[in-house]
């Protein structure tokens, strides 16, 4: 009804796939490949990749038909056919996309969807049963609005973008082209802004009249939230990838090509430059600027600005090497404390003796 | 279909707005104001606010028509029209509300909603397409039940409360008047309670037969959860504001007028007094009491009770000044450790010499 | 329409309930019990439990009709009727289940649900209005698919499993028998996998062609997510219980009978053994193995493998006793730092004097 069943996998010659990723085959390029898998899971007909020396044992034991390896890889004896490439991980992604079943959707608006007559829906778009598309919204070419999705008034959904299921994109917000929003994503809920009035007493709501704007090629994981701004825009930049259960507060600007792992939280007005990476459960206090290409480790708590290219972890964040060194001795802190007091006593004793005539 | 388009902004005289917030105009009170914005974003016709000395530069550069300033503010030369008020932040909230577009909903139950005949729905309430309203539930005056929202059996939704979209309020739970529940909120999922039975083995579910009760004037952010209690009630008190992705465990009592920032987690039976604030990603172990007006910083881990008015941060939580001082030297811990051992050696040397005849 | 109203509570003799849990009544076993409650909330006709010495005062003050106590419990004077059992907590769970109102659902597919003709739905299953059941999926006996739930293509839902509301189980994934998935749960969203291509530049998606498989007797809390794997399976093992807002990354294997408290995050390929417990907001970096029966405290950050039976807390995780000792002195670190420098100066002074002729 909604999508065709998975397309059958079509086998391709290894030499053809190698050419696709600019790779050099070491072995028999005429063998057929019909899928990809990890070194451990791969079997005959499957292509795998070797990206890190720590998987050397898995490589030796792999039953894969062929393996993508770095250009620097020195041939070891064995039956494996190899494909030398610049980046095995990237080449794996490219080849995997060749075999990934495409979900195809029949264009058209389901009669079981609820669509306002003033909504502009491209003829090639798909609106599935149970979707709700509000007045004056726009749905782009080949876009898919899944079951239980809510598109608010005047919201726009770009070409080739898919809202999988139970996604909410609230009024006036926009999502760019080629985006993928997983179930439960909420774009444009009110930012969290209140002013306390002691005379009532009450927290008085500061109306959140801005929007959230998600640029092209963004993926947002299940149940993640991007709040609308107080005024102006909250922005998730082009090509940024966001994992599940992430919070992007109001007025944040998440630079292009950034990576936010699961459960990251960005307080209001946080700015991330280009290509920033934040590990799982990391957070940033509001109004910080995190510079281009900075890497913030998991569970870190960013309290101030972070320089371009910095690699920090912890709370407070520190260089990774420092963090590991602190982690290695932290449990000895009580002993250090005790030791210092013992040294104090012994030193005082010596000092006292010195005073003696 | 569901709501009228935004009402056009109507310009108001500054003097009139100043009167509304008990402010004194320094400059031309007859100028027209048609909106609000931050110091940086504001332009002609817009009112802004100056709440903290750290925005002094932004104030000097602002193109706002007028700016709300504290009563203590000393006039500096410049073209800006000022409005002196007790709290610029609060006055800004009040004025912003004047200009915020009201979303108006046509009363009535959509034929595309699924409503049990035994549900009591006020004639002025709106139930939008795709909503599901169960048996014996009650929907108050002017309440709005958005698309994809689920109201369980015997649940009650108060007057003027809005469930935006894809909100679930489960059976027997209640939400008060003038509440705003953002998309994905879940009220009344089962609390997390199991007893281990080694003879099976299995975790045996402790039925969660209590409810969750949300009092009046509460706002709850996207994808936040308030669990039902084991027996009795989980309570979110009057006027409390909860941000996105927050977890309120079973049997918690969150005092009135509290503020829970994004991704806060309260384990079961946590009690928060009046006006408690918890920063983003902070958590509390179960059965703790956090006193009135306590402030718990972001990412803190509350392990025990917290006194009224305490301001703590960290894990374990400590006074903010202590936290900052610890943060400032934490990365030197390995060096301190090394230093202490060196002192030990040197001291032992001296002690040894002392023993010499 | 969807479920019968709560069944009225039926009173049972205490002796009968005691027999059910293998308990010995101390007092009048003929009294009638019609429900359960905590020591504080319980009144006449209600059974409570005493599981920990810290509730001694609550026990003394309790108005419960009878109280489940450990076998070791020594009778104290007072009017309370007691029931001695192996585990009061477990016995309480068993008795509470006797009184818990069963929600009964009328079998059948609602005409207001959207169900693909190729879906196999057991005649005893219930598909409620607003549910969406895709092609080639299977819904087991007595299963309940609630409003706003999405079941993807070829997905399977086991016997007696309930998807409460707004739950998404994506294509090809499976949920076992007797599972309970609370509102907003997402099973099978894409794992978070990208390879960076500097030539575009872009994060290239690694297709997530595996599945997520949830075994029998699993409960998953509101808005929690279990991602599908890159290839192969993400697994949540039999009898595991997951709280709200938890993230289980792609290719994780969560062993049977594990407990994940709210807001826990497991990065990709984390493996949990049997009976692992993780406290609220704890996280694990990817590719770690956490051994059988390990207990990881709240907010911990697991950086490496954890041995069977280990009980750790903190970041880095350490034994609980160590953690408490570190926590007790952490705020004195600045003072220790200062002290060490003072000792250095005093020691240098003594050393200098020693040099003197």
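Read from first to last, the chains carry the letters A, B and C; within each, the first residue is number 1.
Basically, contacts are C-beta pairs under 8 Å (C-beta built on N, C-alpha and C of every residue); 3 or more make two chains touch, one makes a residue touch a chain.
Treat the numbers as computed from the prediction; the structure is a model and nothing was measured.
K.L.:
Determine the shortest chain-contact distance, in steps, between chain B and chain C.
P.N.:
1
K.L.:
I want to confirm something about chain A and chain C. Since they are copies of the same sequence, is their interface symmetric in residue numbering (over half shared, so same) or not (under half, so different)?
P.N.:
Different: when the shared numbers are divided by all numbers used, the fraction is under half.
K.L.:
Let me have the rounded angstrom distance from the C-alpha centre of chain A over to the C-alpha centre of chain C, please.
P.N.:
Centre separation, chain A to chain C: 25 Å.
K.L.:
If a residue has to touch 2 or more other chains to count, which residues of chain C qualify?
P.N.:
130, 148, 166, 184, 223, 245, 263, 281, 330, 333, 336, 340, 343, 347, 350
K.L.:
Using the touch definition up top, name the residues of chain A that touch chain B in the complex.
P.N.:
114, 116-117, 130, 132, 134-136, 148, 150, 153-154, 166, 168, 170-171, 184, 186, 189-190, 192-197, 201-207, 209, 223, 225, 227, 230-232, 245, 247, 249, 263, 265, 267, 281, 283, 285, 301, 303, 314-316, 318, 322-323, 325-326, 328-330, 332-333, 336, 339-340, 343, 346-347, 350, 353
K.L.:
With touch defined as at the start, can you tell me which chain C residues reach chain B in the complex?
P.N.:
Those in contact with chain B are residues 1-3, 5, 36-38, 41, 87, 89-90, 92-94, 96-97, 99-101, 103, 112, 128-130, 146-148, 164-166, 180, 182-184, 217, 219, 221-223, 239, 241, 243-245, 257, 259, 261-263, 275, 280-281, 298-299, 327, 330-331, 333-334, 336-337, 340, 343-344, 347, 350-351, 354.
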